[in-house]
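Look at the two complexes coming up: chain A is in both, with chain B in one and chain C in the other.
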Partner chain A sequence: MNLSYRLRLLVVVLSIGVLAGGGFLFKQLLLPDSFGVYGPYRADAIAEAALVPIRHGTNTSCFKCHPYEAKNHKKGRHQTISCEFCHGTYADHVADSKKIGTLPVKKEKEITTLCLRCHNTEIKARKEEVIKTVAMPNHLKDQNVKLTHNCNQCHYVHAPLKYIIRAKQITGLMEAGS
Partner chain B sequence: MMDRRSFVKKVLNGTIAGSLYLVWPMGGDSLEIPEEIPGIKGKDYDIHHQEFAFIVDITQCIGCGSCCVADKREYNVPDGNYRTWVERYVKGFSDQIYVDSPHGGLDGYQHPRTDIDEKIRDTFFVPKLCNMCKEAPCVQVCPVGATFISPDGFVLMDEKRCVGCAYCIQACPYSVRFLNPVTKVAEKCTWCYHRVRKGLLPACVEVCPTGARKFGSMKDETSEVYKILKGPGVLTVLRKEMGTFPALYYKGARREVI
Partner chain C sequence: MDAAHSSAAMLVSNYVFPNDLHVHWSMMIVLYPYITGLVDGAFIIAALYYLFDVKSLRPVARFSLLFALAFLAIATLPLLLHLGRPERNFNMLLTPSPSSAMAGFGYIYAVSMGVLVFIVLFVYREDLVELRATSKGWLQLLYRAMTFDSIDLSKDALAFDRKIIRFLVGIGIPITVVLHGYVGFIFGGVKANPTWSTPLMPVIFLFSACVSGISAIILAYIVIRKVKGRSIDPDCIKTCIKTLTLFFIMAFTFEMLEVFSHSYLKSGYHHMVEGLLNGPLASSFWLWQVKICSVIPLFVLGVMGIFKIKDAIYNFTAAIVSAILLLQVLIMRWNVVIGGQLMSKSARGYTEFHPEWFDKEGILAVVIVMAIPFIILFVLSKIFPFWTTDNETNVK
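Moving on to the complex of A and B:
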């Protein structure tokens, strides 16, 4: 009686031990490394997320090799615009300090389309305090230029008012209200 | 072999100087990283003592879509999926709301909406991205622990662990997740975690021309987001009633914005 009770107890304890130990081993096998360091996830995934290659530089990265554009861009009204928005990403142009590709330069009608992405009065959600907008083709008519003109024929895209201001100084013309 | 005379001539012409410029290393990393978020570059990153905030100023957004373009390029996001996008809200005098987002704002907004008959009362753009919830529903539902909140407050994806069950995509109240058709795993905006860890601003903040998107560290008392969050301006979060406690705040968001 007593013996069979002890035997049964031993069997129960042993089986619990085997199940728990087996379960623990099984869990160790299935769980990836670093799982549970910070929580129920793989802590290494954070380091992996931090290692994704950077594709966009900053304007400073571009200005390093393009001093002429830098000089004008920094002074003009377009100084807050990212070079890479119009020209493409840094990673497509430079790798390991070497030029690996040529970024496309927008031409003709593409430029007008690009300008009107921001400067189109028709989109009423743009506030005057934030951005100066123009209506096309009214702007061209007002300025007495051909309707086929592209924006960059008067506005230098990096500093849009640079030559406009210069021209006004030379001709002595003043804009109404100024 | 080049004689001295022609060598000097070429140097003065710039043909050799130019080639030397290409050969000489520019020193250090290829990408000279300026410090945009102070206190990260070149220092030990203490993952437990970081807090970041993102503020979207709707009153500044002009709907140019620069952020969407930058985001697509930074991650090569497949066509038809968006990690971030810009919505156009139009509110009529009958309080009817019209929302559209053609191509997620990738091509910008070149034309006004023509399908609205009534008089328009208010119109504005709303950029959308991951809200980085402190109580993230997507993390809660993930059956394999493939998405998680990192100790520095980012909701990130473990692409190696994701099984593509799309449960998180259903759970996200802000619809910022999608199943990548190429890798077949869930993908989401990370606030450019890889850039932040190097002290750079997220790509969308980097390219925003009007400063409608602001990002910064809450541990840095000089950062713009710290000053805004400390100040009296009204900031709102999206779907507050869901109790997700986002770290993305909106300035100037009308009550209709969800």
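Moving on to the complex of A and C:
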């Protein structure tokens, strides 16, 4: 067999080796400078992410302008729940300490939908002791209430047991909790 | 959405997390395993001839290599169409992390593409040397490059070529198996999805890949030969069908075994998987994938294997069975990829998926993507003749 054919193939194999090696060098050129400083990502990305405007506030930011809701919310069973969870994002409402938009207030059936996000027997991760779970419409039947009733017809959403406790005090039934 | 919010009862029975409403991996991600699967199966046919000396596969051996090449050439296209920022695909390859499996495909793909191209070049070297002698200008330069600038067709040189082909096909088998096994692994590795997260996933994907690739070769061989008015080699079809039967029995068994192990183990999210297969996927899984596209072909393949059938009827049935099995594998990919995403992580609701016509990942895009490999195949046929000359008799 002609040796030159084998030689040519050897050249092909060597070229592939050179290309592959060259690829690794080329890769080094294309890598972003800050890559790998902390781990397999661009270290500069942290500084860039810090520049993204903040969209969420805290309950303290809301309470500054809503003292009535603050008073009730802080006392009630819902004290640990973020205002934004039900009302929406702080940044859509306030910018530079000025009101820029109105956040939606849920009404009627929407209220029930909202409540069932948490108060739902199907949520298996959170048991009775964390969230009072109720099944719809069983809860309404148990309380002898019309099935068309919304949650907020008995419960004040910011402090859910406020009126319940008051009603029980008036009627003389004192077994309820705080 | 309105229906879900209208009554409290509905809300309890079908609650889908907001981030699960939209199926993010849609039809392009269905095509991705389908295309790599076709490559895999076609390569198996070529490997049976070039490495395991199954002589009866000679008529389709070269064609299946080119078929694999044409589909491998567009294997990354659906992924790039799916990416919101396709130009960033290189970043993944430049900065791979051993803890992230996604970049792996780029490397596996590059290696398998390289190996397949070299196999084709060595298989076609005789033809390329002849073409080089008759061509001029740029085309001649192309042929010179493709023949490694050598016109040596001596006995020794050709024997050496055959050794190289055997070696390349030998390493090509693990590479193509890894190529498609990887695709199965990517789904199997998604721990958060109970239908995907099973070590059986790569195995199921591999066997169904072989089924789709071999079916595609059978169907393409019969259709192209019929259209061109050439003869169809009955031995070749018989061997293909036998191989197909073997792989299909395994693929279907493993698919059912997976369902069985889900329903026997009844682990964490079993109620969701069970509800998925009997609810949103009841028609596409049980009726289409299992009953119509698996049980019927299994029965037909059994008849083809046991009874003596006239060649013409055998070929016709082979083409029909192959077409059904191609559909079976496509539906299987659909049920795995899209079906798997219909479950919400809330574990108490299923979302819906409606394919769109003109979406970036819509039906039209699917048709275009699947048409491109056939155009590539047509162009390739102008350079690399599909069929060997001793097989050119006309059909009466």
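Keep this in mind: the second predicted complex is superposed on the first by the 124 of 178 C-alpha atoms of A that agree within 3 Å, B and C clash if a C-alpha of one lies under 4 Å from a C-alpha of the other, contacts with A are read in each partner's own complex, and residues count from 1 in each chain.
What we mean here is this: a residue touches a chain if its C-beta (ideal position, glycine included) is under 8 Å from a C-beta of that chain, and two chains touch if they have at least 3 such contacts.
All of these numbers come straight from a predicted model, not from anything done at the bench.
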Query raised in the report: Who does A:162 touch here: chain B (first), chain C (second), both, or neither?
Result: neither
Report task. Could you look at A:87 and tell me whether it touches chain B, chain C, both or neither (first, second, both, neither)? Result -> neither
Report task. Would you check which partner chain A:106 touches, where first means chain B only, second means chain C only, and both and neither mean what they say? Result -> neither
Report task. For A:98, decide between first (touching chain B), second (touching chain C), both and neither. Result -> first
Report task. Return the chain, chain B or chain C, that is in touch with more residues of chain A. Result -> B
Report task. State whether A:49 touches chain B only (first), chain C only (second), both chains, or neither. Result -> first
Requested in this report: Mind working out whether A:120 is in touch with chain B, chain C, both or neither, as first, second, both or neither?
Outcome: both
Query raised in the report: Which partner does A:136 reach: the first (chain B), the second (chain C), both, or neither?
Result: second
Query raised in the report: A:57 contacts which: chain B (first), chain C (second), both, neither?
Result: first
Query raised in the report: So, A:149: does it touch chain B (first), chain C (second), both, or neither?
Result: neither
Report task. Could you list which residues of chain A make contact with chain B in one structure and with chain C in the other? Result -> 35, 40-41, 113, 116, 120, 122, 124
**Report entry** List of chain A residues in touch with chain B within their complex
**Finding:** 32, 35, 38-42, 45-46, 48-58, 60-61, 64, 78, 80-82, 84-85, 88-90, 94-99, 113, 116-118, 120, 122-127, 130-131
Requested in this report: Would you pull the chain A residues touching chain C in the complex into a rising list?
Outcome: 1-2, 4-6, 8-9, 11-12, 16, 27, 30-31, 35, 40-41, 109-110, 112-113, 116, 120-122, 124, 135-137
Report summary line: So, in the complex, the side of chain C touching chain A is made of residues 5-6, 8-9, 11-12, 15, 90, 94-95, 97, 99-100, 114, 148-150, 152, 154-157, 159-160, 164, 346-348
Query raised in the report: Okay, in this complex, where on chain B does chain A touch?
Result: 22, 25-26, 30-34, 36, 47, 59-66, 69-70, 73-75, 88, 108-112, 120, 123-125, 145-151, 154, 156-161, 190, 193-195, 197-198, 200, 203, 206-207, 209-211
